[in-house]
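In what follows, structures are represented as structure tokens.
Across the two complexes that follow, chain A remains constant while its partner is chain B and subsequently chain C.
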Partner chain A sequence: MRSKFRLVAELVGPLAAVAIVTVFGSTMSIAQQGNVTNILVTTTIVVALYVFTGNSGVMSFGQISFVAVGAFAAGILTAPTLTRQANMPSLFKFLSTTQISNFDSLLLGAGLGALFAFLVGVVLLRLSGLSAGIATFAVLEITYDVLSYWDKIGPGVMPVVLVPVTTTLVMGALGLGVAIVVAFAYQRTRSCRLLRATREDAVAAQGIGISIFQHRLIAFTISGAIAGFAGALFVHELGSISTGQVYIDLTFATLAMLVVGGTGSLWGAVLGGIALGVLESFLSNAENGVAIGSWHVTLPNGLSVVIVGVIMVVVLIFAPKGISGSHEFLERFFSHRPAKAGTGTEPESTAKMTDEESSEVPLSPRPTS
Partner chain B sequence: MSWIGHLVNAVSLGVVYGLVAVSVGLVFGVLRQVNLAQGEVIALGAYSLWMTRDLPVVVRILVCIGVCVAMSLVIQVIIFRPLRGASALTTLIVTFGLSYALEGVWTIVFGTNGQPVSMLSSLNQVVVGGNVGLRWITLVEMGVGGIFFALLVLVLYGSKIGVMMRATAEDFRTARIVGVRIDRVVTLAFVFGGVSAAMVAILFTVQTPLVTPTLGFNLITLGLVGTVLGGIDRLGRATAGGFVVGFVNSMLGAIIPQELLVFLPMLTFMFVIVMLVVRPAGLFTPKGSNVERV
Partner chain C sequence: MIPLLRLDNLQVTYGRVVAVKNVTLEVNEGEAVCLVGPNGAGKSSTLLAVMGAVRSRGDVFLRGTSTRGLQPEALAHLGVAMVPEGRHLFDTMSVKDNLVLGTLARRRGRTPRIDERWVAELFPIIGEFASRRAGLLSGGQQQLVAIARALLSDPDLLLLDEPSLGLAPVAVDAVFEALERIRAVGVAILLVEQRAQRATDFCERGYVLSDGEIRLEVTEGTSEDPESLMAAYFGR
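Up next, the complex of A and B:
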């Protein structure tokens, strides 16, 4: 019974947080609603990052590449064809004439993100640790460079403009909701549990016949799909996109959100995205001048980055599992057991990233001999 | 320019990235942790050259070295001491955050557009003209880089503290058990890291006399890429990796046609990916050694 409740809480908690933010945002001015929508879309990217990094324990600096591909594909194919022919004369023919609906562009973003992630993953996912970090960073650099300068597939150094704006507050919330449900559903699969086993102990997992590469590739592809989908949401939120918006700054922002929230849980990803998102939008408001009480404050440009960076450093040093402790929503409440057994085993004290779950969820049956 | 000229340029950029790799590799060797914030040490060093622009050159160089060493030690105390024993990836992310925060600080304090540093600009004069285009700075770079690396080798292999450093790099716990003063060794690694960062700051600003807030991050990313590419757990290999990345980047820039120059980062990072996939343990790591690969 308890475990059923726990499962429900694991899904409902993040969704409820999104609903609360959305309801709260809908009471604000139009301009502020835009900020809230932006938080929701950014959190969708954090969920994408979590699906791979949280479950596999491998850090990727390249997930924003998939966001970029989704955003540019969705932006170009939904902008008016006349604008495209005027602003991007060298585009491939099918890119300059095909017109798709905004909804289709979301699906296209997800599809392209998945495809790109799959191709990258096949080449890179045999790497681990630092090499994997460097290699995924290289993918980000390559994507940025190609999208910025190859004018047959994009606008070159110019931004894509006049993209129809349809990601409203509600659409942003729905998009994030879909991403959360997908991430949750994936977490329940056998493949994800096997992947988590490889995260906890790669050697032991391989010893019982788990293919690390295969399960990482599945997670990477799903993560790419969510990232591409988030990219399409993003472009329909902004109405325009340039390569600088989907590059290192966004990589840093989403990574900070994930590690501050807690890398090891979906709840942590959502919590971190919302918490840092609110803080960042407050700070960037304050950089343009804001009234606090009776006095008018203008923070220097760049201060928000400093504060977010410092928070990230402090959290990682003092609470490496993030503010969620890398637990799912109410996970500890439901899995709490009476202490009368008195064995002295403290499940929380020694664990590395996520703890109870890996001991409770039965690992895959061994391949029968 | 002839191919000799390109070669000379490539070597000089290679030396700069080799020095960046030294400063990353030294810390990694002792602690098995990555310090991405080393780039911001370089940036601060470069800014210190701007702040001391009215003073004599020798003073400016000494101030720069002092500032870099001090900054390096502050990072060691604030970030690396609490994180001792954490994984390389954790420290990579923490110092990534720190780099970004510091970049914000530079923007606030020194402005977005960068500050001009004119120092030793006479070094940009040509030694051998014509097709070769050899400038004094290139010779100075090779000389300084060579001497520094030789000194480092001398310390590591010829002094007691050097032996301690190598022992720590080999096996942290055992070294501690047999009485190696770990804290002293770690401090020394950061001091050397600071000195090599100062040299990068000086050599780089002579060639490119504009210091912008992103200078450190740009240098360290490519430097770290080179370090991992060469084989991060041996200082010599890491340095060679840094050299290779700088060299290849410069050579590719010279070879490809002008209109394709914008795709230089793509080519460089393609090269990096291919090398990482083919030789995941490092370009200069012998085959058959322990490979981190699944």
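Up next, the complex of A and C:
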């Protein structure tokens, strides 16, 4: 029972947070709604990061490449063909003439993101630790350069423009909701459990027969799919896309959100995305002047970035596991209760497998005498 | 007879440092063999190389087949289990979950010689702390769990890296009692120890390793001359 509730909370908590943000957003002006939509889309990217980094414990700076691929593919193939022929004359023929629906472009983004991530993962995921992190960063650089200069697959240094704007507030919320459900469902799989074991102790995990490479690759591919999907949402939110928008700034913004929220939990990823997103958009509004009651404040330009940076440092010092403590929603509330009469000696049982599941395996190491 | 494990001119280097120079040894089915030697002799590196966890040169044969290029998880699925130095339990998981994970590499299509019941009888004490977090156990308790976890894969060969390290004498006794019973069901053991006397008493055969090379092979029955053992141990 207890772990059922915990499980429901694990999924409902993040979804409820998204619903609350969306309801609040819908009461705001159109301009502010755009900001809220942006927060939802960015949080979708954070969820993508979490699926890999959170479960594997390996930092990746390359996930924005998959966002970029999803965004450019969805943007180019949904922009009017006449615009494409005018702005991007060197495109491959099929890219310049194929027209797909906006919905299909979301699926295409997810598919391409997954494919790209899989190919990158096959090459890179045998590395570990720092070298893996740097190698993923190299992938981001390569993607950026190819998209910026190869005018047969994109607009080169120019932005893709006149992309239909369909990611409204509600669509953004639905998109994020889908990402959360996928991340949650993945978390329930055997492969993810094993991946978490490798995160905890790689030596022991390999020793008992877990393939680190295989399970990291699965997580990386799913993360790539969510990232590509988020990229497609992103381009339909903005109506245009240029390579600079899916590059280092977005990489660090989303990593900051994940770290502040808490790398180790889905709840942390969603919380971090929303909290930092709200703060950033409030601060950038304040740079243009906001009224707090009768008090009119105008922050100096650029201060919002500084404040976000300071918050990140403060969180890293005082709460290295993020504001969620890397716990799932209400996880501590449920796990503080004793498991069974007589065995409740565990105040903080954060075991990755709950009692319920492990007891399915007929292991009963009890004294037989 | 083809030995279960055969190392042929095994070499392990870390950068410029040569940890294992030239090790050739055999472990037969069901046999307990120890590898003793001082700190830095290359004992752990040898075990890690067998498991495929470090790069090595030379050959490792398991049942006559080279294991070149295999990752540790592949060896686990071929019936090799390792109890690494420092135990390496999943600290935030319960003891029970640690043990469940141990059954992952069990080979399909055969009745396990060692199953949950056998392990529960071997270590009845584990039942008392099965629901606790592994990281909260004492060193001796952790060592028993680490051995139990390795056994649950039903291995043919158990590699043990300093299982007595840091344990109280009574805990060391418990470990060796367990090893005795594990050997009795036919699991071959390759035991790395600094405590030469204890290890050589337990095993049928032993090798003394010093500076990455085998200095002496000790066989049961041959009257061990303690002085030559000491000399080999300290590389004199």
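The definition used in the following text is that the second predicted complex is superposed on the first by the 333 of 369 C-alpha atoms of A that agree within 3 Å, B and C clash if a C-alpha of one lies under 4 Å from a C-alpha of the other, contacts with A are read in each partner's own complex, and residues count from 1 in each chain.
By our rule, a residue touches a chain if its C-beta (ideal position, glycine included) is under 8 Å from a C-beta of that chain, and two chains touch if they have at least 3 such contacts.
All values reported here derive from a predicted model rather than from experimental measurement.
After overlaying the two complexes on the shared chain, residue contacts for A:80 are found with neither chain B nor chain C.
In the superposed model, A:244 makes contact with neither chain B nor chain C.
In the superposition on chain A, contact of A:197 is made with chain C only, not with chain B.
Of the two partner chains placed around the shared chain by superposition, neither chain B nor chain C is touched by A:289.
Touch criterion met: A:206 reaches chain B and chain C at once.
Comparing the two complexes, residues 206, 212-213 of chain A contact chain B in one case and chain C in the other.
Those residues of chain A that touch chain B in the shared complex are 59, 123-131, 133-135, 137-139, 141-142, 144-146, 148-150, 202, 206, 212-213, 216, 248, 252, 255-256, 259, 300-310, 312-313, 316-318, 320. Note for the complex: chain A touches chain C at residues 194, 197, 200-201, 203-213, 339, 343, 345-346, 348-353, 355, 358, 361-369. Contact residues of chain C toward chain A in the complex are 51, 53, 71-73, 76-77, 81-82, 84, 88-94, 96-97, 99-105, 116-117, 119-121, 123-128, 130-133, 148-150, 153. On the chain B side of its complex with chain A, the touching residues are 34, 79, 82-83, 86-90, 92-94, 96-105, 107-108, 112, 217, 221, 224-225, 228-229, 232, 262-263, 265-266, 269-270, 272-273, 276-277, 280, 292-294.
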